[in-house]
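Residue numbering begins at 1 within each chain, and the chains themselves are lettered A, B, C and D in the order written.
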Amino acid sequence: MSTIDIFGSDNHSGVDPEILKAIIEANKGYTIAYGYDEYTEKAFDKFREHFGKDIDVYFVYNGTAANILGLKAVTDSFNSIICSEVSHLNVHECAGPENFIGCKLITIPTKDGKLTIEKIKPYVSGFGDQHIAQPKVISITQPTEFGTVYTPQEIKKIADFAHKNGLLLHMDGARICNAAAYLKLGLREITRDVGVDILSFGGTKNGMMFGEAVVFFNKKLSKNFIYIRKQGMQLASKMRFISAQFIAYLSDNLWLKNAEYANSMARYLYEKIRGIPEMEITQRVESNAVFVNIPKKYIFKLQRKYFFYVFNGQARWMCSFNTTREDIDRFVETIREVLDKEKLVE
Amino acid sequence: MSTIDIFGSDNHSGVDPEILKAIIEANKGYTIAYGYDEYTEKAFDKFREHFGKDIDVYFVYNGTAANILGLKAVTDSFNSIICSEVSHLNVHECAGPENFIGCKLITIPTKDGKLTIEKIKPYVSGFGDQHIAQPKVISITQPTEFGTVYTPQEIKKIADFAHKNGLLLHMDGARICNAAAYLKLGLREITRDVGVDILSFGGTKNGMMFGEAVVFFNKKLSKNFIYIRKQGMQLASKMRFISAQFIAYLSDNLWLKNAEYANSMARYLYEKIRGIPEMEITQRVESNAVFVNIPKKYIFKLQRKYFFYVFNGQARWMCSFNTTREDIDRFVETIREVLDKEKLVE
Amino acid sequence: MSTIDIFGSDNHSGVDPEILKAIIEANKGYTIAYGYDEYTEKAFDKFREHFGKDIDVYFVYNGTAANILGLKAVTDSFNSIICSEVSHLNVHECAGPENFIGCKLITIPTKDGKLTIEKIKPYVSGFGDQHIAQPKVISITQPTEFGTVYTPQEIKKIADFAHKNGLLLHMDGARICNAAAYLKLGLREITRDVGVDILSFGGTKNGMMFGEAVVFFNKKLSKNFIYIRKQGMQLASKMRFISAQFIAYLSDNLWLKNAEYANSMARYLYEKIRGIPEMEITQRVESNAVFVNIPKKYIFKLQRKYFFYVFNGQARWMCSFNTTREDIDRFVETIREVLDKEKLVE
Amino acid sequence: MSTIDIFGSDNHSGVDPEILKAIIEANKGYTIAYGYDEYTEKAFDKFREHFGKDIDVYFVYNGTAANILGLKAVTDSFNSIICSEVSHLNVHECAGPENFIGCKLITIPTKDGKLTIEKIKPYVSGFGDQHIAQPKVISITQPTEFGTVYTPQEIKKIADFAHKNGLLLHMDGARICNAAAYLKLGLREITRDVGVDILSFGGTKNGMMFGEAVVFFNKKLSKNFIYIRKQGMQLASKMRFISAQFIAYLSDNLWLKNAEYANSMARYLYEKIRGIPEMEITQRVESNAVFVNIPKKYIFKLQRKYFFYVFNGQARWMCSFNTTREDIDRFVETIREVLDKEKLVE
């Protein structure tokens, strides 16, 4: 089995056996399509177990859709959405937010992917000026695209600021479980309880096959979401196969176990490379990602053995629910070999 | 096991065991995400086996997306798309085509879902008039939303007319395999060989779990499709789980066997009800659908036992790859019971 | 001076001298831009004189914008708008409504351009079905694109039906003054008083240079219109030059005098050609348009002397505030000449 | 006559008498609508006099439309447009570009409103990566929103860089004539000759009533513009009244005389306030704008006498074709009074 794809992305892993088992078991008999089935109802119950009552949950196919449709539900075309310059929303959704929502992204430079009130404040202005896109949502990513984790206090500050100014707080939680695992807090404690209004709840990067949830903590915000989802090409016919995954994912702490494990592997990788002088670890290792600066000359050599992305100049290595210590040991060995060889060449 | 959902839709069935097996087997090791993996390459080969060389194939999550994104790839916002008034595109995609493509649908009334040149002709006009949306695509559904099947000659006529006037021919093939099975022709013979330019190739209604393909028979038309797909929220990260399904679906005639079987069940259902006087079969049974007019008073009674949709005033009953003769026998028995009871009540 | 353009459109006329005078007089000193000036405030007062208090009025550049932006203000992208198949909205705005509003037009065939409840009813359905664009607005044109005029009773019936079903009534009033003149009723009596919710109020075809008003009879509907207008590229900087026109137009019955005159000229044209055997007058002459069927062989000959449009197979001749009896006499003479010559050729 | 609006914007002025005369003279007889008239043809000739042959010119109502539609003509929805963070496109068009073009703006911080290759370069990347909006256009404003003027060499550098990378260069020339006047160069020399591909050519801020031109220096780029303009609600019916203005504007150096005069007035204002210690002039005075930092406490006091906008923290004072030396003298006197009074209060 090829090892080249192990650290490139947590999307390179397959499906957790428990999730796959749930899919297989859901493949029985006939069920109504488009989300009116019993699996979906049970999956909603699982979300309520974690996030409490009076929420609205909708399943879509992937994280890009969860972000874009969740934001569309709460914005008008003349609004602006404030997000980090490195947010997935801004960088990796091919202008989908602008296209489908039809509104403006205001993008804020950051070093570690985290927004703060100080950075946001200048853009929360222009209310009532017809020339200016009206601010409506702040969107943060937890953990950030750099793997760093907002504390609940940090989130609450942003949420309070948003609400005080008539804005909403959206959270891109593609890897939200990794943040919860790091913070040793429940899913509700780092979202709903600290003021998040709309959450993109992801599972694919943590062992699911496909499927993402849009969670509204205020039911008024979701009143038209069924139409937005269908119009947005995201209404799954055989919905039970998404729902069954979420039931398994949110049962028996599977979400947490996988996230804790992936985090611990990133930590292990971090410990093993932190002493290498050619490597500068650029971000705090708080979830399942390790970001490093390495001299350019090593990058291509290394990518040929272990493919990885370079994001804003930094190499990104991801661990997942099925990365092993041996994978990491071999990877670090390869890194050392590449560094050594290159040094000799010089 | 509940029987209420058997005939409501071919989406109410689960996943064909061969497809599920392929998914399980694809769950090994790490593969690169977003379609650059070996499963996807192999799936493309399977499409080339059926449709020939020099095609471009892209996987998306569902049929709505295949239609909308395939059409977006070949239109500008000032274009019009000509389709049947009962087309899925027009009726059941919640204005998604207008919204995402930003252009006009011209919708033509039909009795059996089929377009003809005579009906289309008046709308292929206004070229060069700046006030008028410029016609660009004719979209047909095969089989139609009423289960009727275009002959290859009928398609070719429309294709020739389209091309002569500078238009393209799009085919919504959500159930294309059922049409091929009915016509006893290969997939290529009823699409590429008769002038179809862009095909939405569906499998979910015929045993797949999710996933649909957009097939371009002219590579020039697809040159920007990767961006359109991503922007359209339809780029699957763990693509191998769509690709593996298509490999199985297009191997060993699975697509054909399932379609033939579903068609034969619809035929069996048709034979069993055609003599019932209260029922008027409204459409030719050429694929896996049976459409009937039944007096309104029976509809609700029957829907409580066997849920089904009423489409343009006609009850729609669908068969699938796992409908059984016993299912149908019991269904017809129930129909007779409902009719009898209702008669007594009168 | 060339006469070829006299009957082609009421847009072919220039500007009424009173309007031009108002423009010249407004060209004094400095005024704040974008509609916060005193001319604009005074123009709003004029609208309130005619339509009553508690209305919201916004000026845009043209009728296409008035229609599209007025409708955008009251719809979501998953809505549908019901209109006549021959409506300007559907035929002559180059898919602008679909593009900018992002929603669906449902287009209904008519002979005289008029919608009725019977025709509309089948499309006011599907509420709550996530697959189906949700009906939200009925849009009628007064007078219709065929020059026919809705009675207040006809409008009220449609309005009542709309409101009972949770829909709104929009009126494209590009030539609304011609309808009022025909009906011998005030502007309010044929709009607000009979249930119209949003009105596109046009003046360009009746003597103005440019500028159109969107009138909301319910202020809740317009709460975001300033942003929609700016985003829609329709916020005029030197607004006073639109406002000054509307002040003059709505003063001293200028709007009415011009409309009555144009109507009377159409009536005069109608009287002069009704006896000509080769001509079939196809629509009731109720405003400033005359529609006729004439054999194809005459059309091109005649168009070379008097340019006109052929709309849905019918020649359309328009009169305006400055068409003269002599213009018409000469036109009819030319018609007779063309007919005679053609006959000799035969 | 109130003086409060003199320096708030060059839009606060009325219409140049020569322009108004041209409008009055165009108000004769009937002409075909929608731009097929002789005035429009003659106006095109005037543009060719200035910009050379083989160009395509289209008139729209205003500058926002010229920018958005010109850019829409050359982009796909998956593209990005690179512009300055303070560009009108980004700040003052209420997300219209994102909404109508459906694509991404990449906004670059600047101090004086000017882009440079160094700033642009990092964003001209990601080609071929399906996740990333593909760079397509660089848009610069001449003069910038801060009144500074690009030299032809600066423009050419950006143009060359753009073209080398497969991008186009768009220029927002809302005040292009002020730049030409400052540089003492012809309109062609600072646009077409230095590599600009699409130009928004404005006149409203320099004496016109309304109307803006989109000029394409490569006819291939404009092949669908008539549909984009109509769909974009920007096709004027009585087009002659825009065209007549442009004929006058581009004749007898009116465009230049007005621009030179407005520039000289800004220079005069600059000279008169440069010595005032409480004022920091923040931008080079190269066109008809003066930007100053003044302590906050003076701003409101002063705005009550002379209304002006504060843009990015800087007070903006604009001169126009009819600002007089006396206007400026009185303005500066008022400034001094306000400063003095405030000082006493302290």
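As a convention for this text, contacts are C-beta pairs under 8 Å (C-beta built on N, C-alpha and C of every residue); 3 or more make two chains touch, one makes a residue touch a chain.
Since this is a predicted model, take the numbers as computed values, not measurements.
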## Note on the structure
Neighbours of chain C that also touch chain A are B, D
## Note on the structure
Relative to chain C, the most remote chain by C-alpha centroid is chain A
### Task
Please report how many Å separate the Cα centroid of chain B from that of chain C, as a whole number.
41
### Message
With centres defined as the mean C-alpha position, give me the chain C-chain D separation in Å.
### Response
33
### Query
Which residues of chain D are in contact with two or more other chains?
34, 77-78, 93-95, 99, 102, 130-131, 133, 227, 230-231, 235
### Query
What residues on chain C touch chain D, complex-wise?
1-6, 8-9, 11-15, 20, 23-24, 26-34, 60-62, 64-65, 68-69, 93-96, 99-100, 204-205, 209-210, 227, 230-238, 240-241, 307
### Query
Which residues of chain D touch chain B in their complex?
34, 76-78, 102, 130-131, 133-134, 224, 226-231, 235
### chain C - residues contacting chain B, complex
77-80, 91-95, 98-99, 102-105, 107, 130-133
